[in-house]
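Two complexes follow with chain A in common, the first pairing it with chain B and the second with chain C.
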Partner chain A sequence: MKIDYIFYLLIFPGLLFISILGLLIGWVDRKVSARFQFRVGPPLFQNFNDFFKLLGKETMLVKEGVITIFIIAPFIAFAMIVLVSSIIGTSLFYNNSFGGDLIVVMYLLMINSVMIILGGSSTGNVYSSLGAGREIKLLLADELAFILICLVPIIKSGFQLQLDGIVSSQLQNGSYIGSLSGFIAFVVGLLCIQAKMALPPFHIPEAETEIVEGPFMEYSGTLLAFWKLNGFMLYVTFPFLLILLFWGGFNPEGPGIIWFILKYLLIVLLIIVIKNTNPRIRIDTALNFFWKYASVIALLAVVLAVFGY
Partner chain B sequence: MGWYNKRLSKSIWVFHVSASPCNNCDIEILDLLTPKYDVERFGIKLVGSVRHADVLLVSGVANNKVAPKVKYLYDQAPKPCFVVGVGTCPASGCCFKKSYNVPGKVEDTIPINLYIPGCPPKPEAMIEGVVKLVEVLNG
Partner chain C sequence: MEINFLVMLIIIPLVVSIINFILPRNLQKLFTLAGIGYSIYIVYILYTQKAESASFFGSIILSVDKLGLLTLSFIQLLSFIILIFSLKGLDKEIEREYFILYPLTVAFCNGVILSINSISFMIFWGLSGLTLYLLGLLGKTSDTPKTIKKTFILIGGSDAFLIMGFVLLAYLNPTINWSLNNSQLPLNSLSAYISFFFLLIAAFTKAGGFPFHTWVPDFSKDAPVESAAFLPASLDKFLGIFLLAKIVTGYFNIDFSINLIIISLGALTVITAVMMAMNQHNGKKLLGYHAVSQVGYMIMGVGSGNVLAFAGGLFHMINHTIYKSCLFLSFGSVEKKTGTSELDDLGGLGKKMPVTFTCSLIAAFSISGIPPFNGFFSKWMIYQGLFNQVKEISSLEKILLLICIILALFGSALTLASFMKFIHAVYLGKRISTFDKITEAPFNQLFSNSILAFLCISFGLLSLQIPLSIFIYPALTEMNLIIPDFIGLYNPTLILFLFGIAFIVGISFFLFSPKIRYDNVYLGGSLPEEKFRIAGTEFYNEIRNMKPLKSIYDWADKKYFDLYEVGTKGTFKLSDLFQKAHPGQLQLYLLYVVAGLLIFLLLI
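Moving on, here comes the complex of A and B:
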């Protein structure tokens, strides 16, 4: 039992699997983005090279600022992403939700943003604090819509909060994406994860051209390597969560694994297409978009789900 | 260290230091980063913060006002950090050599590992220069 848990956390759906798959999917992202711009793009192991190079560089600490938070923020975010990925992964692949339900997952996913805010504001740098402030606003913007779309599978599965319950309910009754409310919630969810991962058009916190990487500006060496790794690991966590909540999870029988890989790649491709075809929006536009439109549409999906559509 | 140098040579993040240039080299550096030359296939990436940089691309003569700032930027960059002088100005001072506001060579302010001469150098020359730096790193 205990050995199983260690295996889940450290090897298969946890640390090792998530980091390697995340770095590889990060390469897919960079390569497809390069093809969008008629370029060749980086080689396959580029992200591994970047990560190991950053591990070996000197780590510089800021003179003014809270050194403790500055150092532990990337590691806490890393640990939380590994934990939430293990919870999602075990419910997908072993049908055993590892002691966590959907509410725990929502909380843990928020901690990454909170750590970016803390790490950014601990440096005492003006640009970093600006980025941290923008991250707070972005978190406020997307969280409401995200919680609303998480309500849809809960309602449709007969008020189950356990992730494995949601998966088995979908395996019996068909994916929620086939229904109207499920489809609307999936689309809104795709936009929410775009904002949660701070990808274009919502890369407002780390806008390179105006506030030079924002919260990550003062980070270097090992700490920066972990921030980069966290970003790539989210490319695995969030699509897995969307597949789990709306798209039928993972069916181990027959060609289920091929379908799972195709679903995963399709979601990643959609994220990359949105990323490459949209310019950065202002923070007020993002708030407008999420509060006036996305949340209302998500609420509509919840109402539709209550009435069984 | 050979293994680490190989990783470093495959992922060079450059930071652009404008030490009072005439802007010509800067335009060529920006040309280098356009899709046509696509340096990302060598793992080269332009970063906005000096804390992320592996290579500083210095262009210009570093006059009295800018030289302390260039020194400061070099100190703030995490080591190992390499400096590439782009253009004739860091190499020899070009036509600004005997100006009243130029304290001397850029070399006296920060150590420069590699020069790419030319006024301005072509993007192809810059790619060749960086490839030479990679060769040095690989031993």
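Moving on, here comes the complex of A and C:
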């Protein structure tokens, strides 16, 4: 039994699968973004080259910083993303939950931000501290709306918390995105994951031109390689979670796999389009946007779901 | 003569306290340690043998059930751990008084839990409030007298409500004869409602529930850190939640509308306190607000009327005392080393105090509900219980309960945010040069903090095997509550195992890194001067200044939500009015007499 879990974790749908798919989707992102800017864009394996090249580079550590936290932060975030992806992927592809339910996944997903904050601010660099402060505010901004949208599938599935239960319920009764509450929650969810991945217009914590990558400023070599990899892996984790919660999961019968790939690519494409068509907003604007608009709309979705719409 | 262990559990710490009056300091410490150690042994004996009781004046006064045993176990355990912390590092001027009051508090708290008679319950409850007042008085800040007066008035006032509640309970149920058996009084008359809400006020005030919580943050700031960890963070939580559990499951038979009111108050406690905590600049006050916020989860669980959430609420009570004591004590170590509890003046101590930092971080993860630490498991149980409850109620009740769940879930994120600020301000970021020579805390403090941190991890990983199976489920079984299956799925050991594998895979890449170089921080060529330092306290200024939160925060700063301050102002205004009405003019007094006579004649 444990061997199965290790397979899920390390091979499919875990580490190997999401890291390769993440790096490839990262290429799609870079290529499409380049086309938006009338550039040619990088070759297919550029992200792989970047990752392995960074692994071979010198790692710099800050003398006065809390070095242990600085080193382990990217790997804790990495392990968490692999673990959550395995839990989500196993529910999607095997219709079999293990380890944790939706509440566990929601809490585990916060660890990525926590590690960015701890790792960044462990150095004592002023830009990193500024970025860390922004990162936690961004987490707060999107978390309220994210909690609300996660409640919609729980309500619609008859208060199921287990991920496979939510998938099964949709396979029997149709995707939640087909209902009004499900559609609203999906749209808000898309914006939430944009913020959770800190992609434009929500790349406020990193803000290269302003605070020089913020929490990642002091990272280099292997450690930076893993932060980059983590970012690409999230391109898989969050869209998969959205498909699981709202868009019927994965149906292995008939053309199910084709539909699944199309759904995934459409979500990624939407993320890339939003990313390339919006300038960076300020953190207070992000807070206002999520708390005063997105969360209210998401609350409406919750109320609609309670009344069966 | 046969030894009655229930009486011993009160007598032993009481005797220790009295003898401590005459003992020299070092012996005081040893004697207190031995006394509390022996209390732990007595609780162990009580677990293994058949339940007994103690009678005085012809009626049973002391008795203990499994819920009481659970509470007693952790009262002794936490008292022992905090005592170890206090052995070295305590302010010499207050040591003598502290070691007299400490066992006295334990004795009174044990008395509350063991009392099966409402009169002895009230006496011990009142006495525990008195020791809280005295332990608070040992504080040295300029605001200490004001804060302790506030605490005493709020706690003393709640004692009055407790007395009135119990008197009404005895009046409504004359057969019980002041006994605190499970009378299951139905709420079918105004007197029953008043009795219920009066007792609820007493429980809320002791535990620190909204809106009677305002003494907790102030006490945490102005009392010695040991007192703050000992009472508002630990023992008072046990007493308050123990009373709440007894009210909702034993003394009264309540319907779901009352449960919903309690859950809503719990959710309000979570969110209001954590929003206040986020903007604090004093570390101890920040922790005090979190001590309030976490009570919200316990209130939600224990007052929900669902067995799973009830068990979760009790478990959260245990977990909270563990991680909150750890946070208070580790911050206490920092305060003793640096001489300040102001977050703006701290920073970068993680490198100088690595063990204290690690313990603090583990406790911060626990309180924020990060899996697989203990705080998550109890919160997860509460959520499941509430989701179970949602299935069976009307749509409007569903929406209200769901909003409470949302607030609780979001409260966790806010707690995490607040602790990221706290950790950043104390342990990370740039260190001030005056702290360059700081060393790690003394061994006894590290030992206490490490044990508490260890409990955070072990109770998180082995929740089902240790706290739930040994302490909580037996209590529920004794109360004839059937424990339902979990509707969710959470396997902390499997999660940690798989997380560990992925982590090892990741970090092994680093271990084979070609080269590592150490350097200074890079600021684009500028020198890392202290004037550029980011303390972290300003992280949430955007939230503080956001409309309409700004107005609410401003009102909170003006103490508009503080019952004590509002009550004080109201009393002064009223007395001012009376003063103006008595200017010493005879004609006016004559007018009052005539007017009074007229009103009297009209009334009859």
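Assorted remarks:
Here, the second predicted complex is superposed on the first by the 309 of 309 C-alpha atoms of A that agree within 3 Å, B and C clash if a C-alpha of one lies under 4 Å from a C-alpha of the other, contacts with A are read in each partner's own complex, and residues count from 1 in each chain.
One rule holds for everything that comes next: a contact is a pair of C-beta atoms (placed from the backbone, for glycine too) under 8 Å apart; a residue touches a chain by one contact, two chains touch by 3 or more.
Keep in mind it's a predicted model, so treat the numbers as computed, not measured.
In this overlay on chain A, chain B fits alongside chain C without clashing. When both complexes are overlaid on chain A, the residue A:Glu213 reaches chain B alone and has no touch with chain C. By the touch criterion stated above, A:Leu270 is placed in contact with neither chain B nor chain C. Judged by the touch definition given at the top, the superposed model places A:Val28 against neither chain B nor chain C. Contacts of A:Gln37 after superposition: chain B is touched, whereas chain C is not reached.
Residue contacts after overlaying the shared chain place A:Met60 against chain B and chain C alike. For chain A, the partner with contacts to more residues, out of chain B and chain C, is C.
Once chain A of one complex is fitted onto chain A of the other, the partner contacts of A:Leu300 are absent, as it touches neither chain B nor chain C. In the superposition on chain A, no contact is made by A:Leu171 with either chain B or chain C.
Judged by the touch definition given at the top, the superposed model places A:Ile281 against neither chain B nor chain C. Put simply, the nearest alpha carbons of chain B and chain C end up 6 Å apart when the two models share chain A.
For the contact definition in use here, the residues of chain A common to its chain B contact set and its chain C contact set are 56-60, 212, 217-218, 221. On the chain C side of its complex with chain A, the touching residues are 348, 350-351, 354, 357, 368-371, 376, 380, 383-384, 387-388, 390-391, 395, 398-399, 402, 405-406, 409-410, 412-414, 416-417, 420-421, 423-424, 427-431, 487-491, 494-495, 497-503, 505-507, 509-510, 513-524, 528, 532-534, 536, 538-540, 542-543, 545-546.
Across the complex, chain C is touched by residues 2, 5-6, 9-10, 14-15, 55-69, 71-72, 74-76, 78-80, 82-83, 86, 97-104, 106-108, 110-111, 114, 117-118, 121-127, 129-130, 132-133, 136-137, 139-140, 143-144, 147-148, 151, 154-155, 158-162, 212, 217-218, 221-223, 225-226, 283-284, 287-288, 291, 299, 302-303, 306-307 of chain A. Chain A meets chain B in the complex at residues 30, 34, 37-43, 46, 49-50, 52-53, 56-60, 208-209, 212-213, 216-221, 224. Every residue of chain B that touches chain A in the complex is listed here, in rising order: 4, 7-8, 10-11, 35, 38, 40-41, 43, 47-49, 51-52, 54, 76, 78-80.
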